[in-house]
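Letters A, B, C and D mark the chains in the order given here, with residues in each chain numbered from 1 onward.
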Amino acid sequence: MIIVMKMGASKEQIEAVVARIRANGCQPHLSQGVERTIIGVVGDERQFNPDHFQMMEGVEKTMRVVRPFKLASREFHPETTQVRFNGTIVGGDKITMIAGPCAVESLEQTREIALALKAEGVSVLRGGAFKPRTSPYSFQGLGREGLEILAQVREETGMAIVTEVMDPKDVEMVSEHADVLQIGARNMQNYALLHAVGRLGRPVLLKRGMMSTIEELLMSAEYVLSHGNNNVMVCERGIRTFETYTRNTLDINAVPAIKQLSHLPVLVDPSHGTGRWELVKPIAKAAIAAGADGLIIEVHPQPELALSDGAQSLKPDKFRDLMRELRPLAAALGRSI
Amino acid sequence: MIIVMKMGASKEQIEAVVARIRANGCQPHLSQGVERTIIGVVGDERQFNPDHFQMMEGVEKTMRVVRPFKLASREFHPETTQVRFNGTIVGGDKITMIAGPCAVESLEQTREIALALKAEGVSVLRGGAFKPRTSPYSFQGLGREGLEILAQVREETGMAIVTEVMDPKDVEMVSEHADVLQIGARNMQNYALLHAVGRLGRPVLLKRGMMSTIEELLMSAEYVLSHGNNNVMVCERGIRTFETYTRNTLDINAVPAIKQLSHLPVLVDPSHGTGRWELVKPIAKAAIAAGADGLIIEVHPQPELALSDGAQSLKPDKFRDLMRELRPLAAALGRSI
Amino acid sequence: MIIVMKMGASKEQIEAVVARIRANGCQPHLSQGVERTIIGVVGDERQFNPDHFQMMEGVEKTMRVVRPFKLASREFHPETTQVRFNGTIVGGDKITMIAGPCAVESLEQTREIALALKAEGVSVLRGGAFKPRTSPYSFQGLGREGLEILAQVREETGMAIVTEVMDPKDVEMVSEHADVLQIGARNMQNYALLHAVGRLGRPVLLKRGMMSTIEELLMSAEYVLSHGNNNVMVCERGIRTFETYTRNTLDINAVPAIKQLSHLPVLVDPSHGTGRWELVKPIAKAAIAAGADGLIIEVHPQPELALSDGAQSLKPDKFRDLMRELRPLAAALGRSI
Amino acid sequence: MIIVMKMGASKEQIEAVVARIRANGCQPHLSQGVERTIIGVVGDERQFNPDHFQMMEGVEKTMRVVRPFKLASREFHPETTQVRFNGTIVGGDKITMIAGPCAVESLEQTREIALALKAEGVSVLRGGAFKPRTSPYSFQGLGREGLEILAQVREETGMAIVTEVMDPKDVEMVSEHADVLQIGARNMQNYALLHAVGRLGRPVLLKRGMMSTIEELLMSAEYVLSHGNNNVMVCERGIRTFETYTRNTLDINAVPAIKQLSHLPVLVDPSHGTGRWELVKPIAKAAIAAGADGLIIEVHPQPELALSDGAQSLKPDKFRDLMRELRPLAAALGRSI
């Protein structure tokens, strides 16, 4: 941590800062500039609250030097993590396709989509049993019944299941029916939930909050990792900006940025990231080209009848087109799909 | 809802939309324009998912006409709601001051602050027992022990207690120790939690998420109200923007905007809204001038030793200054404090 | 400037950075941390481009220590600047009211508004002759004819005139008809224009760009100040955020923040800052309470017939109400209006 | 345009709106809903200012139905425009590479970079003679001397030249030395400049403002097009968001979105869009995969010595790597480079 003193800070003010640094078991390192004094803190700054110093008299500002995450950091774990479940490896050469309906609506609907996806080579099915919805008047998901449908389709098709969990008390129940627990964007900083899935040890798919920085996403991953659960995948799904033509602004920069900062596999959700089905294909291709380890795509046989998020769902024939275009692209990038 | 057809949409495409509107028990209303056809939906549009139509062939876009909240809406409840607890009325002529430390650290600290605040006429104490923190390595609050400290101070001082709840399973326990349950900004769309506090019926202080619109804030209030719990106060605490000088950008427009859209009382938190103690006083004054029904202010006897958010806490003497300046301001606005 | 080296940066990489600092006539100051080396630069960092170091091998990041503006800075000019023109002083105890129509439409319209404002004690008239409009099909202002109308009304009423200039070649012509040259939000970083008004020496009203930070606003002021033109007033007029209920989000934090960082007077424009006339009064009051030195308010006798920005204009009777409420507020704050 | 009346709007208020619509030569179309009346305007809504109606009594809100641009719209011009200059075609099957230093620093530097780029098959050189800089103390470009250097290198290499123009008075001079006039992000809404380049008729490269919507970008293109100058290319170069790890957030969604909305060619600038050279390669690939017609890349032989924006410049060998990876990618997408 660097502490910048105000112009004209007194000797006593500087000494007070120095004393506090020493009291924390660290070493101060003074640098007398032309306009002001700068004090470096030598020691583990992650234990410090910069606010402690910000409030001291004569202090102008404090600046952190190191990134606040450690378990999620590539500096400390140079090897890319591979998350494995049900025969799938996320984070290797093969790009993982995760697809399915936004919400589980019925056994028939879910089975129909699953079979169409399986025919395209998709081995991971997504579908929501618990749906976070802005309005209390919207369809909230089938709950436990939805989980049972997913489990049934898993048994019939052999596909792995990814589904969202919203309440810490449901974590165990969901884990009985699903291979991967998804933490949705609105719950990225729901710490009670992060602790609960961390303790469980199951693979976690952590979506970036629409108001969250890359660093905050990795700090939320750190919550899960801090329980010894290393099976974490993070997912870029669009952030909120001033642009209104698209529902969200997919932050494509985040893909290579996270790959540099962290060893965790990175997925991209072009369906939520754009909110418009016509944009899903070009953005899916862009995500792969930027280095994503996998994609999450909403597919629905009749998007105009979907109980949620129809506008961003592909029909099965459009999904087939997408797969057909992704394969040569992946090959040109030295990967498979 | 308005459905705008594409230029050159076919007769069949228009008829399909019309048929679907009728199938939902509503009336279509066609308007043949120069460039395109527009179809109005007459009936209760809140039941419709605009996505249903967005995906239909020939449809360019859909636009909602009414606001999606009803219970929170001033149109349906012209009278301003007053939330009452422990002798305090929020939403009347008197401006409500809620103050205290970010985190409960010990009985001594909490009692000292409470007594200092009570001496200034403050009757509602805030303090966190459960703290949502970006880093798993930061102080997470004293938990149940913090709640007991708050309850003890309530008994000693007669002050009402506001404290945050983060996990649905803690709602009952927290309600045994506190008068008002706070939903923090990061949990504004934690629907499991909103349902839990809605069912309980206790006063709720709902903070706006840092990347949530005014409409989404009122939709989250709608979740609580939909359980028949009308004791909801909403709180503007700063949104996230590109500006980095302040931690957040306090959206002062939200104060009169919410007062127009909704009957719920509106509080403002200048401590989080700015993230800098030197800005708390001018912004607190601005909030009152804009029509806020109350303020939430962080106060700590030694902010430089605070276990969280010290940089935005006022010392008791600065809080006294603030109160001294707010009183004539409130009087000039025809209110008291 | 602080240069943070990567974990494991080599001795040669560190020496290269040190050599470059010395080559620039500054002193390096090394701090050997547990994880990495930090190098402080002692000397005038404003001459450095942080990018120079960012690209060097072994460098992780660079951090500036001082604010990049100097002439606009309160550290170097503790006294608040007062800008004077035509008998008006901006930046003193008296709050300056600047009001008028968005666009000058005719002599009759402008005179009518001016007389109504003068009757309320307003001594500065605003009105646009050149209008920056998003669409080439919208009314672009009367141009030179508008300037002549303003000059005519100035002569008749004795009011000072504020009007926008958009093209460097018009700066002289506009200055012949107006007392204060306004740089609009879209031109805040139009450096050709900033140089032109800087060279002229006339009072400048510089509006914050809707995409610009407080620091960037002060850097644009620095452009004007660097020509020796000290008559600069800055104006907060709302920034662009994700919120769509209001046209812009007025950044109320900017008012006390700029007062702390800079000696320049600060104005607030609640008409553009909200985009809705019903919000102008509460936000005008908030601005005054936050410490603004003046307000810019759009007033139009028939906003529903205004050629631009009608939705945010007050009718004269509503402006009279506003003045009636602002006077006791100013008095409670120890100022007059 | 749709006009939504307030709940309980009176018959007289509705009639006043209807009369005003008729007075504008359009037809009103009433739709009596359960809660409120909605009035459609049949006729050319581009001539209307929604504010005219917004201010009328009884009106709740107004909503535009059609996009405000027409000349830039694909609806009215289904064929993709191809911009041609000096043997280059932008908007065809071949992806156009534009590369060069941020600023022209000397003849030697510019010639060296140009030759290195030409060897990689690049036929368009970019380089700034006039540099818009946040600080008046930063290098502002060589001005006319820079233009002469560019013209000299054009003569020697046969490459086409793209360079920025900042002041309307320089438009002619710049056009004598360059093939394409660039309007920078900060000047996207500098209407005096847009008119000046529109009148000239030369190819224009219009960069998206960092806080401008896609629609506003196309409206600025409309300014140029409205002068009969159809040679307009638009460029996504990153928008400003809350994320601070990257300098800007490249809005990849904008690429396919603009391709759908407009017939103009779309370029992407990954150097400014990320602000970090390590991210340029993956984002360049993503841009191509998303459908961009070309890329603008900053290249500098010694980025650590560059007079501006070094941190985002590639060294020539890294640029060669980039080209090597882009070629198979373009082929997999059915394009060449």
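Keep in mind that, in the parts below, contacts are C-beta pairs under 8 Å (C-beta built on N, C-alpha and C of every residue); 3 or more make two chains touch, one makes a residue touch a chain.
Values in this document were obtained by computation on a predicted structure and should not be read as measured data.
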{"item": "Matching chain pair for C-D (criterion: over half of the contact pairs shared, by residue number), options A-D, B-D or A-B", "value": "A-B"}
{"item": "Centroid-based (C-alpha) most distant chain relative to chain B", "value": "D"}
{"item": "Computed distance of Cα centres, chain C from chain B, in Å", "value": "31"}
{"item": "Between chain A and chain C, centroid-to-centroid distance (C-alpha), Å", "value": "38"}
{"item": "Distance from chain B to chain A - Cα centre to Cα centre, in angstrom", "value": "26"}
{"item": "Contacts with 2+ other chains: residues of chain C", "value": "211, 240-242, 244"}
{"item": "Residues of chain D touching chain A in the complex", "value": "211, 213-215, 239, 241-246, 249-257, 260-261, 273-274, 278-279, 282-283, 285-291, 328-329, 331-333"}
{"item": "Residue numbers on chain D that touch chain B, as the complex places them", "value": "2, 4, 7, 29, 31-36, 38, 40, 42-44, 63, 65-66, 75, 211, 240-242, 244"}
{"item": "Sites on chain D touched by chain C in the complex", "value": "46-47, 49-56, 68-69, 132-138, 140, 166-169, 186-187, 189-192, 209-212, 216, 219, 222-223, 226, 240, 277, 303-311, 313"}
